[in-house]
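Report on the structure given below.
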Amino acid sequence: MTLSTLMPVFALLTSLLASVVIFALPERGYRLRTVINLAAAGLKIVLVGVMIWGVAQGREYEFAFNMVPSAEFVLRADALSMLFAGLSALLWLLTTIYAVGYLEDSPNRSRFFGFFSLCVASTMGIALAGNLFTFFLFYEMLTLSTYPLVVHRGTPKALRAGRNYLVYTLTGGAVLLLAIAWLHGLVGDLRFQEGGHFAGVDPSLHGPLTIIFVLLITGLGVKAALVPLHGWLPQAMVAPAPVSALLHAVAVVKAGAFGIIRVVFEVYGLEAAEAMGLLTGLALVAAFTIIYGSTRALYQIDLKRRLAFSTISQVAYIVLGLCLFGPLGVTGGLVHLVHQGIMKITLFFCAGNYAETLGVHRIDELDGAGKRMPGTSVAFTLGAFGMIGAPPLAGFITKWTMGSGALAVGMDWVVAVLVLSSLLNAAYFLPIVHRLWFAEQHQAWPHERRWGRLETSAWLLWPPLITAVLMVLAGILANVPFSPLSWVELIVAREAAL
Amino acid sequence: MTLGLMAGLLFTPLAWAVLTLLVDFRKGRVVTWLGMAVQMLVSLGLWAVVASDGGFLYLLGGWQAPLGIELRVDGLAVTFVLLTAVVAAACGWHASIYLDPDKAWHRYFWPLFWFLWAGLNAVWLGGDLFNLYVGLELISLAAVGLVALGGQADALRAAIRYLMAALLGSLAYLLGVALIYGQFGTLSLAGVTALLNSAEVPAGLSFALVLMLLGLALKTALFPMHGWLPPAHGIAKSPVSALLSALVVKASFYIAARLWLDLGGHLGSYALAQLIGALGGIAVIWGSWLAFRQVKLKQVVAYSSVAQIGYLFLLFPLTWGVSDAISLQAQQGITLQVISHALAKAAMFLSAGNLIMSVGSNRVDALAGVSRFLPFSLFSFGLAGVSLMGLPPTGGFAAKWLLLQASLASGQWWWLGVLLAGGLLSAAYVFRVYQASFIDDTDIDHFFHPSRSLEVIPMILALLSLGLGLMAEPVLSVMSLPFEAGRGQ
Amino acid sequence: MFASAPFVLLAVLLPLVSVLLALRTSWQQAYRYCLPILPMPALLVGLLAGSDWGLELPGLLLGGLWGVDELRRVFLLLTAALWLTCGVFAIGYLKDHNLRRFCVFWALTLAGNLGLVMAQDVASFYSFFALMTFAGYGLVVHEGTEQANRAGRVYLAMAVVGEMAILAGLLMAVQLAGSGLLMDLPAAIAVADRRWLIMLLLLAGFGVKAGLPLLHFWLPLAHPVAPTPASAVLSGAMIKAGLLGWLVTLPFGEVSLPAWGDALVMVGAVGALGGAALGLLQARPKAVLAYSSISQMGLMTLMVAAALASSEHSVVIFAVVALYVLHHGLAKGSLFLSTAMALPPGRWQRWAMWLFIALPGLALAGLPFTSGAMAKLAMKDVLKPSGLGFTLAAYLPALMTAGAIATMLLIWRFLWAFGADARTGTNSPGLWLGWASATVSSLLLFWWLPLPPGLPVKPWFAVMQAQAWSLLWPVLVATLLAGVAWQIAQRRK
Amino acid sequence: MMRFLGVAIMVAICLAFAGGLALTVWQIAGTPAPVNLPHLLAENLDASGVDHPITAVLLNFRSYDTLLEIGVLVIAGIAGISMAKTTSLEDPDLRTSDSLLYALQRWFVPLMLVLAGYLLWAGSDRPGGAFQAGAVLAASGVMMRLGGIPMDFLRPGMLLRFGLALGFSVFLLVAVASALAGSAFLAYPEAFAKPLILIIEVVLTFSIAMVLLALFVSAPVNRTEEPEEGEAG
Amino acid sequence: MTPSLLYAFAGVALCSIGLFGFVRIRHLLRKLMAFNLIGSGVFLLMVGLAQRGGQPDPVPQALVLTGIVVAIAATALAVVLIRRYYHLSGQTTLAEPRAKRAKPPAPTANREGSPE
């Protein structure tokens, strides 16, 4: 039980213990709860940072014990898991700060923060999972810990959204369990292994393996909100802003995408998946999702619903990136996992700010918001341009690498998809930017709240600004050693090396 | 050392039954706490002994098998004894606070409680067919007594219906025992198994096994014969219904499982196994569907028991005509399912009791606003629900995983559907309750807050059921210990 | 070499950093006065730069490389000078309403414009190009009128489509070239098997910015609604970015493409003549100038066509194009600024004012001893049909003269329209200074600016005297036609 | 019509059941039982301390069954009593003052008591034993009860509960004593087997009689209402 | 066809008749009697089968004795429950009462026990 085996467990425990302690806290223990929250988040970042540094040096962090006779519980920190773990650790700290400000005087916050840190613990678990069994374990825990957050407000609408969310995710979970069990039965307990397991598998297994792949993707697709399975995401927007920010920008949606990455990369292996012709189908679904998500986003009046549909299309980028089979395309897909997380969380923070400070939920009420809340609006504009893929921001890096990756592999229609979706992004983001800056405020804000000198409370203002700066840096300094792009190149290099 | 433990295990519940009979409720409560502690220690000791050096046969009265009665103390039995100790202790502790001491008839609660516990221990350890019959009777009558304790017309009607079903079941079982005794001349299960393996088998005897399984299925409320369970478990007091759902129903299943594992190979047939499995499957679907539609909270939990029992009967098809490894895996799965269901169901009933006591009505839609003012009980209800759904990291999930593996390995893929659909349906009715409690229409706190310790007990049980998922390995290791017959007198 | 690096960086960063000034409303006035200061470092780089000034930025995007070569130096000079004069003009012109917002978008567009001129790697070139486009939208819709919003919407829609075309084209080119530097692209495109698609995408993409026919709709809408300094900069410098885009990416000098040459000549001709015809129908002076820009860009497209068709002449043609760009930029800038000037009450000052407003226009038309004459002469001897191999080369001289006549007509139309709604009154000192500096730079300073080295060295004034008549007769013909048209208009009124 | 159909189906099921059972019995009858238990029993009979085989099986070889069976009886007793909520079982108006019955009782009750005694004693070597004696005692009790003779020990108090529990607890104590003495639970030492069994028999008789009588007497008269859990009120 | 088998077959007949009665009859007390019928059928069968080897076998007889005591206990408990149930709801069958809170009917004249 050397330190290197316990490190992943510590990372997991920080938020697990935090959630238990927070649950026990009485409702009015406000200050203590905030301190615990922030301390846990900070500690987690430190731990993940150490692991990232270690993995870069090639150290191996692994913790395993067999939980059920035939399957074992494995926590392993490899390059890919550090990508997702790093992202969620960082954004958890920011979202905690945001949530503390957002839920200033609302009821049952202990319950909220308890489930909040439980949810991040399961996200961390998903990132660190070493095999499909452990992955599934945390995947389902994520569903359970997010449901109370979605229905936190208790309004009938929230409850309906929660019910809908459950129907989707639990069914997805059941399908995923079926697939994992079948795979487990077929080939035994598979650890995630760079390069995947089925490179030289004998053709007789191709039939069942394809069906299992489809089931796996459907199960994971529910959370990754691929088109036919995305119904729950827009409705889950009824949740409070920090929930929709962390969950639908980082935790839940990315868990699905991350799962798909794990399956295609480290269970099947790219060559095997290509040999079995699985990637083209997946690419088509992803492309359709990208276009469908963007077009639906065009017609949304509510700001957060528009962002939700934009998330649906953006996450499909990651999946599309995977199917580009070449190293460049895959790098694009993976790096988008981080970039989209940062960009989307900025947008959700700003949407939350508008809702909390000005009581604005609809886009047409946003006129002149730029003047009233310049800080938030600058962050929103940067986020919007990032999503459109305008250079020099992070979105451009993704589109650029994916585009060149697609061309390298000869899938030219992918470039067309990228271009079309950028146009659609522009079509639904630029009008908002226009309303923010260039439209005059012609009617009073629905219910405005003043915070003295600052445009909104410091807790609410700083997170979007920080994430906006992060996004710009991720774009501009893409080639700096520990930037998302170079870390992904490290992953792909290790992946391809095998 | 083992002799002392065995004697203690058999003696304490009966002695405490008599002791508590002589005293009133309040003094009985104190005596019971002591008794529970002793029983817990003894069970743990026994579990440790078996864990270290394997199972053994315990000859009652010193007489050899065919003549006297022997108790088979192997891994499985001891695991169930420990489970009973844990769940019964929890329910007893909860009942001691929950029941109103001033009511005159509650003084008779403790004797019945201890007799029930004694009956359960007799069944887990029993190795003799007729002895199992008497054990079953002991449990049934004690359970009926508990259900009818102080009840009104509905409670009595449920008790009578329960008694009738139980008695018919026992008689069917007894008829089977009579036939087997007629054929083999010995009553000890081990003896019959030995004879079956060695001598040729007359074809006709499968009717006896069918009869016994039919009787036991009726007592375990398998699908077509589940009519008596929901009223009985629904109307009884919460600690009582927790005991009934978690343990009593499992006793008859335990005997059926033992019979099937020992005699099933020779006397059973593929068609019979699949039929029982099919009934189990229908029970899962039908039970969950009815649970979803119930108006009263305790009825929801009762029908959920009917559904979960359906899972248990998947053992029959999964252990018939399959390789030993798969059969072992199926047994491990079912044991985990029994244990996690017992813990989760007990937690669910106890927390449901708390919720009903605080809300003042046992209807589901009366739960509005509970999530804000009484989150702790609701949270333990939720956790128990999670284990019923078989979502990770609970014990339910580990059980479902093993059953999935077993059904896949044995090629009977159709059980996958039952397992997965069951999980989803149970999610439906658990979250329906959750959703009702999340509705937030009142700001005033008009709820009666039960005492802290009442809420802690279901939480402990729920956490145990949750922890079971992570600790599945050691628990199962003891269960599947090889059984060395004949060691120790 | 190293000494130049901080200057290049400063040239781009200064406008970006200036955005911080917008944080406090109290700094608003300070921001207004430092507008002209922003382009100064770029002007210095333009004037002093050696041909090998460069800045290596490995961390930036996909490996950044900024630097100035001869072609870019001219563009840089034009951009810096124009933004300087318009900055001074803006000080006087701007009211306090939404001032901070205007200054922020002004600074961002300037940064984009300067950045794209100096960028030598694809990623930063495209980044600055996009920054200039999107920030330009802020300038176009500054007034906030319904018309401005409509123009803005059209501008943005077309700009984004153009951007996407450029992105696709550049993606393919870079993927073929394998390196992120601009200078490797022409070689890669020349040998690409899907060369037609890449060239079409790049031509169309940059064409939207350069105002090619059928891609020009946003130009006449945007210019009139934009504040005057913004439209001056828009017409003077930003349109040239499209042209620069063509010059640095298309495969000049690698392979000669007569077919593409013919096509572009036709497009150029349609642009030049069609633009002028539509310009004549406009009532507002700024609209007329907008169409004049389109027609001038048409002429420049002719030269680009020639360069494409015969790769051996491309170096010389580049130099002439640079010269023409410089001349047109400065002249058009001063014309646009003059539209916002009020005429002084006194009769003599009035006539002097008219003369100084007309002079840049006449320069455009190619009056001898003006920058226009020099540009036209250089263009004439470079576009001699004999040297060029492609079919439509023969029509080039005719097209040039037709262009000259059309330009002169447009100038008369502009003066007439300006006269119609000119108001008399005083102008604030900022306006005077800005307009005066623009006109002076167009008429006089032009000669002192370092000319593009590729030009054949000639005693230009002597040549002008010799060719005086060939330069003058188109002007006279245009004046005759204008007079006749004026008479008809007077009689009908 | 439905009723007829129901009956028809039920008849069919019962006939099938009877047929199956008969077939099984016929097959079992055909094959001799591999294990000859009576022979085995005969050998160990002398060690059981009782010469009558049935009593030996009941109280020695399978004494655990008997212990649990008495437990079952006690449970029935407890459940019966818990039903009665009246303070006294002796409801005054249940008493009938019929002189003929009274006279008859004076003759029969002593006779039945003697019979019970005989049955108890005969158990050791002839058919008889605790159960039969207990039943007779209970019958005499019922007669006295109907005859109106007050039996205050039947009032639900300490006495009644002690009576119920007496037989069972003695049996239990004997069982544990042997376990503590080193051998298995319920293993009577060789020498004391006979006296021990006798003590158990006597005590059991009283308890069985008490239980049966209590069950009969517990008239379900109820005054206080206890609402079902969760019901209003 | 030794006489003991005759007892066994008699037992079988008793069981099936008892089963029919137990399932079909609605009235609780009669249902209970049917139950006792099945019980004695089973006991008869048990002893009859064991005796087919000629001399009587004491073990099943002891078992039967125990079985009988258990049957008595169960029947007694059932009777008490039924009487109490009848007292409370006036129902003699297990059917759900129509009205939810059916008031117990007025006691009929011939009912033994104290008038309510």
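When the chains are written out, they are named A, B, C, D and E in that same order, and each has its own residue count from 1.
One rule holds for everything that comes next: a residue touches a chain if its C-beta (ideal position, glycine included) is under 8 Å from a C-beta of that chain, and two chains touch if they have at least 3 such contacts.
Protein identities per chain, from UniProt: A = Proton-conducting membrane transporter; B = Hydrogenase 4 subunit B; D = Sodium:proton antiporter; E = Na+/H+ antiporter subunit C.
Every value quoted in this text rests on a predicted model; they were computed, and no experiment measured them.
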*Contact-graph separation of subunit C and subunit D, given in steps at minimum*: 3
_Chain whose Cα centroid lies at the greatest distance from that of subunit D_ = C
*asked:* With centres defined by CA atoms only, which chain is the most remote from subunit E?
replied: C
_Between A-C and B-D, which chain pair is linked by the larger number of C-beta contacts?_
B-D
*Most centrally placed chain - per-chain CA mean versus overall CA mean*: A
*So, what's the distance in Å between the C-alpha centres of subunit C and subunit B?*
87
*Give, as an integer number of Å, the spacing between the C-alpha centres of subunit E and subunit B.*
27
_subunit A and subunit B: spacing of chain centres that average the CA atoms, whole Å_ = 43
_Measuring centre to centre with CA averages, how many angstrom lie between subunit A and subunit E?_
67
*Shared-contact residues (touching 2 or more other chains) in subunit E*: 8, 15, 45, 49-50, 52, 59, 63, 66, 70, 73-74, 77, 81, 84, 88
_Please output the residue numbers of subunit D that touch at least 2 other chains, ranges allowed._
21, 25, 28, 33, 36-37, 41, 62, 65, 69, 72, 75-76, 79, 83
*Return all touching chain pairs.*
A-B, A-C, B-D, B-E, D-E
*Across the complex, what residues on subunit C touch subunit A?*
58-63, 101, 123-124, 126-127, 130-131, 134, 138, 141, 144, 149, 152, 156, 160-161, 163-164, 167-168, 171-172, 174-175
_Per the contact definition, I'd like the list of subunit A residues that touch subunit C in the complex._
370, 385, 390-392, 396-397, 399-400, 403-404, 407-408, 415, 419, 422-423, 426, 430, 434, 437-438, 440, 475-480
*Which positions of subunit D touch subunit E when the two form their complex?*
6-7, 10-11, 13-15, 17-18, 21-22, 25, 28-29, 32-33, 36-38, 41, 53-54, 56-58, 62, 65-66, 69-70, 72-73, 75-76, 79-80, 83, 91, 93-94, 131, 208, 211-212, 215, 218-222
*asked:* For a test of understanding, state which residues of subunit E touch subunit B in their complex under the given definition.
replied: 8, 15, 22, 28, 31, 35, 38-39, 42, 45-46, 49-50, 52, 59-60, 63, 66-67, 70, 73-74, 77-78, 81-82, 84-85, 88-89, 91, 94, 96-97, 102
_Quick check: in the complex, which residue numbers of subunit B touch subunit D?_
3-4, 6-7, 10-11, 14-15, 17-18, 21-22, 58-63, 66-69, 103-105, 108, 111-112, 115, 118-119, 122, 130-131, 134-135, 137-138, 141-142, 144-145, 148-152, 154-155, 175, 179, 182-186, 191, 195, 199, 202-205, 207-208, 235, 237-238, 296, 298, 353, 356-357, 360-362, 489
